[in-house]
Amino acid sequence: MRALIVGRFQPYHSGHHEAIKKILKEVEELIIVVGSSQNSFELDDPFTAGERIEMISLALKKENLFDKCFIIPIDDISQYGLWASKVISYTPEFDLVYTNNPIVKQLFEREGIEVKKMISHLKEIDSSKIRKMMTNGGKWKKLLSKPVIQYLEEMDCVKRMKAIIEKEKKE
Amino acid sequence: MRALIVGRFQPYHSGHHEAIKKILKEVEELIIVVGSSQNSFELDDPFTAGERIEMISLALKKENLFDKCFIIPIDDISQYGLWASKVISYTPEFDLVYTNNPIVKQLFEREGIEVKKMISHLKEIDSSKIRKMMTNGGKWKKLLSKPVIQYLEEMDCVKRMKAIIEKEKKE
Amino acid sequence: MRALIVGRFQPYHSGHHEAIKKILKEVEELIIVVGSSQNSFELDDPFTAGERIEMISLALKKENLFDKCFIIPIDDISQYGLWASKVISYTPEFDLVYTNNPIVKQLFEREGIEVKKMISHLKEIDSSKIRKMMTNGGKWKKLLSKPVIQYLEEMDCVKRMKAIIEKEKKE
Amino acid sequence: MRALIVGRFQPYHSGHHEAIKKILKEVEELIIVVGSSQNSFELDDPFTAGERIEMISLALKKENLFDKCFIIPIDDISQYGLWASKVISYTPEFDLVYTNNPIVKQLFEREGIEVKKMISHLKEIDSSKIRKMMTNGGKWKKLLSKPVIQYLEEMDCVKRMKAIIEKEKKE
Amino acid sequence: MRALIVGRFQPYHSGHHEAIKKILKEVEELIIVVGSSQNSFELDDPFTAGERIEMISLALKKENLFDKCFIIPIDDISQYGLWASKVISYTPEFDLVYTNNPIVKQLFEREGIEVKKMISHLKEIDSSKIRKMMTNGGKWKKLLSKPVIQYLEEMDCVKRMKAIIEKEKKE
Amino acid sequence: MRALIVGRFQPYHSGHHEAIKKILKEVEELIIVVGSSQNSFELDDPFTAGERIEMISLALKKENLFDKCFIIPIDDISQYGLWASKVISYTPEFDLVYTNNPIVKQLFEREGIEVKKMISHLKEIDSSKIRKMMTNGGKWKKLLSKPVIQYLEEMDCVKRMKAIIEKEKKE
């Protein structure tokens, strides 16, 4: 049994991580689609696809889950109605999708694919809050797993987020 | 005499329909450009180009006007200044454009094409209000012609609009 | 019953026309997809989408078949594997596809759509031969219906084709 | 020594002009990148790349600075993280970048290029304010150099800005 | 130490596989870029990105090498001069590139990245020959590892290749 | 009087240079469009837009002609029929076009712009021959002006051309 989930992972946080661990108790393999992979250095998308793949891998490797996962970056498509077809075309075959996004659900169901709800901590932890915390001194490190924190510190994520925020103010 | 109008038709409502019927009293043939044809399953653009063409055709066929019209989907162009040139290139030749959009007017006039104002019911009826009504229980059916209502009900447009709205709230 | 065919129609010739007339004896309505609609003024694609729609309409109107058809231009997609999904998204719903192209067949069948062979005159008449005839004095007019010939003469298609050929030689 | 600056120049105003004159006292040659060159006839981007190049040239020629400058339009790139690489690829070689935009600074520094702050009048004069003044009767002419004013008047920039504003209200 | 290689893997054959196994004796981790990932159902690119990722994974899993690899699909970029920057942006950080392609070498070296020659069986085994063998009854199975053969047979690769070839003949 | 010419300038050779000098005796200012500006590191397009702008500038500066010219890179457009509109949108206003390309002529004339033949040495000197000479030891330096030769030698154009050729052979 192989499942698929989609996220932007800006950044990859404990909510994502717990959800993935839970899913990997129900299925053998998981495809993790890194969505909007073309974006980076922007307010809602500060990290490159490569950096996001690194974060996810570091967290998965620490738990020996890396070899059960495919981490696949997928660019947005200008015709959103074709997005599910695009995902199917860029990923190895899968049996079901986990999502709480009602449109993602409808688009995959139109392709004849089973969709399940994801019961997760995703509600409480939120990437957009974490991005804000990075610029206003909030305790963002509480919401990420250790190897991800270390990686983000090494690349100086706070400096990058502050530069992005400062630019937005100006425009 | 052949005229051209542009709309996104999200959805095609009675305001559009009355305007088209009025124009077809003044000209023999009408090109109906379905703009932003690449968009679908989004808040301001819930319906695919194909679904919008279906709606327009159903309404026109009921009034025996279908054979006087060309319904042509055109994707947006990243260089908006070239948009009128693009429309000209994707449509059979035409003599004038009906529009109340001042920029559309300027872009076509730069190409040497005559532009006329559209005296229509479009002011009172508004696609964006109809889309909202679909999600909050408003009486949207009053604003569409019968074959369009039936088509939208069959495809369960309310479910789609609600899913899109729900997703927007989350992000 | 509604069917779909795809062509580039560079130009629309009697082979296309006979095939469409035959199909319209089997089904009520036909979607005619004008493929590679973004191309024009090139060796294999001299005519704009708008010009091709004009040609098809002129021929169909002469036989009172226009009101049974949807003529829809569709741009190529960089991910060819998604092309059938794109066609579905830009067209009103249809029941079957007529094609002799084995890849088009496979792509639509993957989407769960029935595909039928087209028994036609398309084999003997060939757009690429007609384009060549236009530049070397061949009898291309024998292979097109009258309103299409008249239209192509008015736009001086021979001059355009010769200009394109000349440019190719230079490069 | 050759430097590079980036702007959208919607329109080119005295703040830009003073900054460029100051930089040209420090370096021999300057590359002026006209960013978002694909945009025009939009609220934040009313002028085409060609019109913006014209404005800049007129102002530079008046001060005999034109022959020290390269004015190069560059379209946005969907992968913003690659933007600095794109600029490098579309411009003759340069030694340093002047910018006050912190993200532009980070992106060029990642490519190993020196970045300097621009001490300028840009703070007080602001393209977005000028665009607003054009539509509400403000004294925008005070903020532009003479040849730019004359050029903008000839093309009837106020009419264009008002048309764009009016359209935005409607949508 | 983490290395990167690039291929289109149409299909993934024993030459690729031997090269990867050899590299994995020299470095701990390997990024395998699936290039031209947007292409499929075409003569030189019959398989989707997802199918190619599946082939590579199956072969790597059989040798317990999957957990040392990142398999990352990357679309072509219209500005080929930016291709190496794009690869860097879509992949986790790496130390060196293995390639025998002299342009790939130059593009990565311009980015300051070390490039090594790949001493491999790639010369003798060749994806384009394998694709031809699939359509003319050649012994293509000799050139692929077992799990890849089984996968390709299940998806009926011969039927797909024959359909593509047949289409090419017609055009 | 301002004229416009278009070229890919791969590389900029004495034929181009003589033609430009001749035109600048007939008109005050010249827009030099660097076409296919997105391409580089490819067989027919080895040099980046920036490198091509550098070559042209070096040659023009030596003759004190730089301040009479606008050198503007323009990417190809997927809808070739819109190419002349795109050129107009990215360039300051001009009065006539010099070209020997019959399709370029037709596309500009459709936009109402005057087109003149270019009587030039372009026939005898040919960029594609120069590119070949760079890889087979031909006397390419005879066909370029001195500052362009020096620039190309500094960037090691022969090494780049050989790498590109070698790659083509492999594929």
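When the chains are written out, they are named A, B, C, D, E and F in that same order, and each has its own residue count from 1.
Following the convention adopted for this analysis, contacts are C-beta pairs under 8 Å (C-beta built on N, C-alpha and C of every residue); 3 or more make two chains touch, one makes a residue touch a chain.
Please read these numbers as outputs of a predicted model, since none were measured by experiment.
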| item | value |
| --- | --- |
| Pair joined by more contacting C-beta pairs (A-E or B-F) | A-E |
| Rotation, 0 to 180 degrees and nearest 5, that superposes subunit A on copy subunit F via CA atoms | 180 |
| Separation of mean Cα positions, subunit C and subunit A [Å, integer] | 43 |
| Mean-CA-position distance for subunit F and subunit E (Å) | 36 |
| Cα-centroid distance, subunit B relative to subunit C, in whole angstrom | 26 |
| Subunit E residues counted as touching two or more neighbouring chains | 40, 48, 75, 79, 81, 89 |
| Touching pairs among all chains present in the structure | A-B, A-C, A-D, A-E, B-C, B-D, B-F, C-E, C-F, D-E, D-F, E-F |
| Contact set on subunit C toward subunit A in their complex | 79, 81-82, 85-86, 89, 112 |
| Subunit D to subunit B touching residues, read off their complex | 38-42, 48, 75, 159-160, 162-164, 166-167, 170 |
| Contact footprint of subunit E on subunit A as seen in their complex | 37, 40, 48-51, 53-54, 57, 66-67, 70-73, 75, 88-93 |
| In the complex, subunit C residues that touch subunit E | 78-81, 100-107 |
